[in-house]
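Per-chain residue numbering starts at 1, and chain names A, B, C, D and E are given in the order in which the chains are listed.
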Amino acid sequence: MLKTEELQINIGPQHPSTHGVFRMLVTVDGETITDLKPVFGYLHRNHEQLAEMNTYQQNMPYTDRLDYFNAMANNHAYAIAVEKLVGIEVPERAEYIRVLMVELTRILNHAGALGFLINDMGAWQTQLAFGMREREKILDLFESASGARLMCNYFRFGGVARDLPADFMPRLKDLLLAMPGFVDEMERLLRENEILLQRSEGIGILPQELALAYSVTGPVLRGSGVAYDIRKAEPYSIYDRFDFDVPVGSVGDVYDRILVRIEEMRQSKRIIEQIIEQLPDAQGGYMNPKARQNVRPPVGDVYARVETPKGELGFYLVSDGSTKPYRYKVRAPSFINLTPLGDMCRGYKVADVVVILGSIDIVMGEVDR
Amino acid sequence: MPNLRAEDLRALLGRDLPGLLQEAYPLHLAPPPAHGHAPPPFTTADALVDADRIIEAALYLRDTLGYAFLSDICVVDYLADGVFELVYRFYHVEGGPSLALKARVPRESPQVPSLTPHWPGANFHEREAFDLYGITFVGHPFLRRIYMWDEFEGFPMRRDFPKQGDKYIGEEE
Amino acid sequence: MDIPRGNIIVMDRRRGKLRVGQGLIQGLKVVWDHWAGSFHKNENFSQIHGTFTVEYPDERLPLPQTYRNMPVLLYDDESGHELCTGCYQCQRICPPQVIHITQAKDPVTGKMVPAATEFIIEYDACMSCGFCAEVCPFDSIKMDHVYELSTADRVSLTMRKAQLNRPISYYASIAPDLWAEVQAGAMKKLQGSIKRRPDVIGLAAVLTEKIKARRLELAAAAAAAPAAAAPAPAAPAAPAAKLTPEEKAAKLAAMKATNANKGVAAPPAKAPVELSPADAKAAKLAAIKAANAAKQAGAAAPPAEVPAELPPTDAKAAKLAAIKAANAAKKAAEQGNSE
Amino acid sequence: MQDVVNQVINTTFGWNWPSWAIALIGYLIVAVILFAIAPFQMLFLTLYERRAIARMQDRVGPNRVGPEGIFQPLADGVKIFTKEDIVPDAADHWVHFIAPCVVVAPTMFMFVVLPWGPGMVPVDLNIGLLFFFAISSVSAVGLLMAGWASSNKFALIGAMRAVAQMVSYEIPAVISLLALVLITGSLSIVDMISYQGGLFISSRDVASVPDWGLGWFIFTPVGFLAFVAFFIAALAEGERTPFDIPEADSEIVAGYMTEYSGMKFGLFYLAQYVLNFLLCAITSVIFFGGWQGPGVGWLYAQAITPVNPQGGWVFNVLAGVLGVVYFLSKTYFFFFVMVWIRGAFARLRIDQLMDFGWKFLIPLTLVNVISAAVWVALTKWGAADGLAFVEGWSPLVRWAVAFVVTLAMNLGAYLYLARIFAHSQAERERLDDEVLESLINVV
Amino acid sequence: MDLLIQIIFGLLSALIIGAAMMVVTVRNVIHAALWLIASFFGVAALYLTLEAEFIAVVQVLVYVGAISILVLFAIMLTRSSEGERLLTQHWWAAAIISLGLFGAVLLPTLVGHHWNLPLPTGPAGTPESLAGVEELGRGFVNEFLIQFEVAGILLTVALIGAIVIAFEERSRRRRVLTLSEEHILRQRQQATATAAQAALVTADAAD
């Protein structure tokens, strides 16, 4: 019987596949991981402190920078929180536009996330390039509506910054035409591929009971078989008006997370189709005319959350009656979803670490805040 | 879809776990201004529980009420009253609004029992609270700074942490 | 567990029965399709094949009107007045606090006037959120479309008012719809704020010198006209029945200038204009062209003196053109001197 | 080459140089040509790969430097030459310095036995194939040196993986070639090419077949299986996706190259691409007839050769050009396949790679060797060798029978092994379960 | 031609002997192994000059490609590379033994060799057929069958032995449990515990 020595490896902070400046202190026995400790904070900028020094209105563009893949979804969560705190009504059309944007965000995030995941598995960027192509199209739409591709800053308290431009809808419909082909292609590249199955099946299993205990959310939670989607569990905005399904996995491994993400893109497309049907035509309804932007909410606290593509993004706000929040806390999905990383990697090989990390789908801007 | 409200939770806690619930005295959000009228104090409808018995309350929420999903642990620094308030937020797996448990600890010796042994998901929440507010979670397996480097002194999210420079307000050179 | 309006789908993990290399071949086929399809371009959003590269320095994506990059300040092409009144709204809202305004004071009375003497935006720290443009009540600050801003140092990204000034026509050309929405209100407010600005305060920095020069010229002409007693129809500064505020100010400035520095000779630039414009717009265009031509005509070339024969019908446009051309010529002269 | 040099120096100039000098000059010329060709191939292949994979990803690829980007590799070369050479302090400087050379030198050596066209082989070793693989195994030493000398954990892991992979995939590669060596009865690469004349059937197996240069081994069941196995092994040996584990950038940064920069790094790249070229070339030579193709054989028959001294030199040139064109187009096609695979697939894990190599590929190639033996027996042996029942069969019938028998053997082996291989994974899961069961009582 | 061969021979001999000397004198074990590889390579080249191509190639394949890699692996994985002392206390004994062994190899050659053999002349003497694959194969299965089989069995035994040494029971090898395995384990333990408890309870009830 041969004894092997344990070896400590630092994966990161500068490493091609840590999705930013992120470090994993890995203890390996041969190639098997016995312990993994995530170390982060390299991108920490004390976002919460910063936000407490700004007014409510000024914080909106900073929420873009949390998870820079899903600026729209972050905007949404923050806007909902402040609206709940102040009591601002949002007009019908604005709600539809918001949901449209957030669902587009979900598609682009999953397209990118799966691409990066496959890239981490060693496929040379093909899937990523396909995902990025669709993402660029969606970003074009975002740009035409909000003026920026990534840092959209599109949502306002009581609506959105401006109405959709005239050419938005035709382009969106064009995009939806491409969507099924794109998703099918992605599925064909990912689903049956033996190498991918080898790399993802049975890897990084997070059992259903533990998934809840670990507080993970989003596709990671659903991949473990818990059908918990905030859009269904506690419908916010106008999500109770749409028909869509919640995909869940059965085992809770990387493969299940891939499948769940693919299916979520299909469901998002379904929602967008319903939005296109139902979108009210009323001109100027994109903004509540009575809503003030420089809000001065009454004293109180509020917790509002949305289902971003990565999971539950919550804002806890305490107002002291001034224009600046007394406490502003972000419950970041990427950050909390990292909690089980160390335990999930234990017992697998070094090469599986990056795959498991990729399947969680983190953005360091949100993790470190 | 369960739909318990904060009042219901208070009633339930009062019934099943006597002595756990505390009276939620109003908190002052700012020191009284020199002139003008002070902002109204902050009152909460959520259940305020004894910080030392937070595990008991949380387990009650999980095992009896089914609120198994610990979504968030948030710390608020009420400097004027000298307390930290911890907000534990629980959700039911079948959906519905949240239930919050609040616990107040004095700023001088902030100590709370850790939920991590029961909810591994509380791990990072508690480490974050330790890092930014300096709250000690008794029983946490790995209570280390999470964002700041280990050698960092002070707790940057406390309200008396200087916004500029590197000293606490009021601390003499 | 039930879910309203939808089902819970448990993802199907089953695979095909024959798994010895089938999926691999499928993957190869997808890639092959893309390879074969890559010899044409991906033209619209509904396609998933074809190259979608935009070869950047040669081709550029068209920017939507709403595109926002960095904020700029607008001034009126015709009068040269800035729309900004120095109200501090943008400075207050700016999340990264990169806008710094100095409000103008009336040199005589010392009171604040609705204009900014200095307006600084630190582009290097600007986060392009567009809040400043959104809150500006005078539609003075707008988001530019220029994104190639890289410099070798940080300092040169601190933009002063002179670097921020853009004519309205420029903004109208990059975002016609957006400008059309606000044009009426903005111009009205501009007229209002001009009334409360004495002297050259609130003039676009790029134009201040030119306008000064032109005013001197106008003043000289105004002084000369009654002396000659010639009914020069083309004299732009002929005492008209109704004086625009600008001309009033110009006269005032001219007098002040002559009083202040008598030793300094006014630049002898005369309008090198050669045009028979039908309307104001064409005149403007011609003026810009002439100005450019003058700029290019050689830095050392002395300002050309072309006798201006202006049809009286569009005196205003011609005047403007003349101002511009003269300024351009003068600038050219200055450059020539400095070199 | 030596006879040409001899002709020029001793006959044309009449200098009467000794034979060793002639030999030396001849070898020098060949060596210089090879040293010029090898980096050129590398430069071309980098551009080729980047352009091809870009198109697979709906991109354009490098097209800025020169028309269609043909000078891009040169620009990269200039860049890599002018980069600072950084050696880590903790590194073993000498070993760190020599390692890239040890990696590059064998790949250059391997060109020695590579035939480019009819009669165009630098050295026709009668053990050419063995030489090729023996030399290729040397570069593993260089990789180990690089990984060890960098004193970096990632580099060491990368080197270990690289060597483990190279050593274990050399076995299926060599065994799959062994089957063809059995059929040809020679280790010489030139012999293997000349065996592949004919039209879908080698003209050595069945003499009456017209020689169109298409009697490639790929058309036989033995050759096909050997080709598949060999190509997979070549992917592993050349560290191509899905076996690019030693330099898996998402796991161990750049493997053994992590601590290299500048031209030393460039040398590793050179070695890798040259090796890839060579593997593609040897694949095309052994399974696809190399320069064999319609017309080459006929042209070469008219040319000046030792056999036919009265030929025309024009035919020499024509046969050479056509042969090289055939050879290179086949080689580049295989490189395209490599790029294609890289564009489509993810990377295997090291244990999966080893599983696949040892549990699937090696048994398969071993079965293939037996098939090759059966093939040889059915096509070549007679009553004297103990195979009386084939007496009287026409060669074509014997060939057909051999085809069917070996096809059945190979197909059966493939399906059986695939089942076993899939089964072994289930077996592993069962074992894991057993482990758990045993632990219940322990803890 | 002969001159060239002799020059090459001289260079190669220098390489081989120099490298061999370095093997025993350098401090660093890895360097020693690398010098050993150089020495092996020189020997292979020497075989080439003797026109024993097959042997040369096999030398490279086996010694350079396999054995030395094995040596390197073994050194790298097992011990720190820096040797502590160059010479042991009993170095003179080692020197005498190795000299004696060397002499024992050399002596029969020196004594028993017929030095006045005529050089082989013409193409008849070139052992061209030696390296042929067919001859090799025939040699293996005809003349040297016993040796071949013995070597084969030996290698197989070694292979199996290596597997036996390296093989561990899966249950003993798996020290690290994954999260899901741990979870299942805990569940089952709980199940057995509750079952045992239930059995106890029922037994109590029965009593």
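Note that in this section a residue touches a chain if its C-beta (ideal position, glycine included) is under 8 Å from a C-beta of that chain, and two chains touch if they have at least 3 such contacts.
Quick caveat, the model's predicted, so the values are computed rather than measured.
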Third chains touching both chain D and chain A: C, E
Chain occupying the most central position, where position means C-alpha average: A
Far-end chain from chain A, centres as C-alpha averages: E
Leading chain pair when contacts are tallied as C-beta pairs: A-C
Distance from chain B to chain A - Cα centre to Cα centre, in angstrom: 26
Separation of chain A from chain C, taking each centre as the mean of its C-alpha atoms, in whole Å: 39
Whole-Å gap between the CA centroids of chain B and chain C: 53
Chain centre separation (chain B, chain E; CA means) in Å: 65
Two or more partner chains touched - positions in chain D: 56-59, 343-345
Residues of chain E engaged with two or more neighbouring chains: 174, 177, 181, 184
Touching two or more other chains - residue numbers and ranges from chain B: 93-94
Residue numbers on chain D that touch chain E, as the complex places them: 18-20, 23-24, 92, 95, 125-127, 130-131, 133-135, 137-138, 140-141, 144-145, 148, 156, 160, 163, 167, 170, 181, 185-187, 431-432, 434-436, 438-440, 443
Touch list for chain A against partner chain D, complex: 7, 9, 15-17, 31, 118-126, 129-130, 133, 189, 193, 195-196, 198-199, 202, 349-354
Complex contact set, residues of chain A against chain E: 1-2, 29, 32-34, 205-207, 209-210, 252, 340, 343-344, 346-348
Chain D-touching residues of chain E, taken from the complex the two chains share: 1-5, 28, 30-31, 34, 37, 41, 53-54, 57-58, 60-61, 64-66, 68-69, 72-73, 76, 131-134, 170-171, 174, 177, 181, 184-185, 188-189, 192
Residues of chain A touching chain B in the complex: 37, 40-41, 44, 46, 48-49, 53, 210, 212-217, 226, 228, 232-234, 299-301, 303, 305, 312, 314, 316, 318, 320-322, 326-327, 329, 331, 335-336, 338-340, 343, 368-369
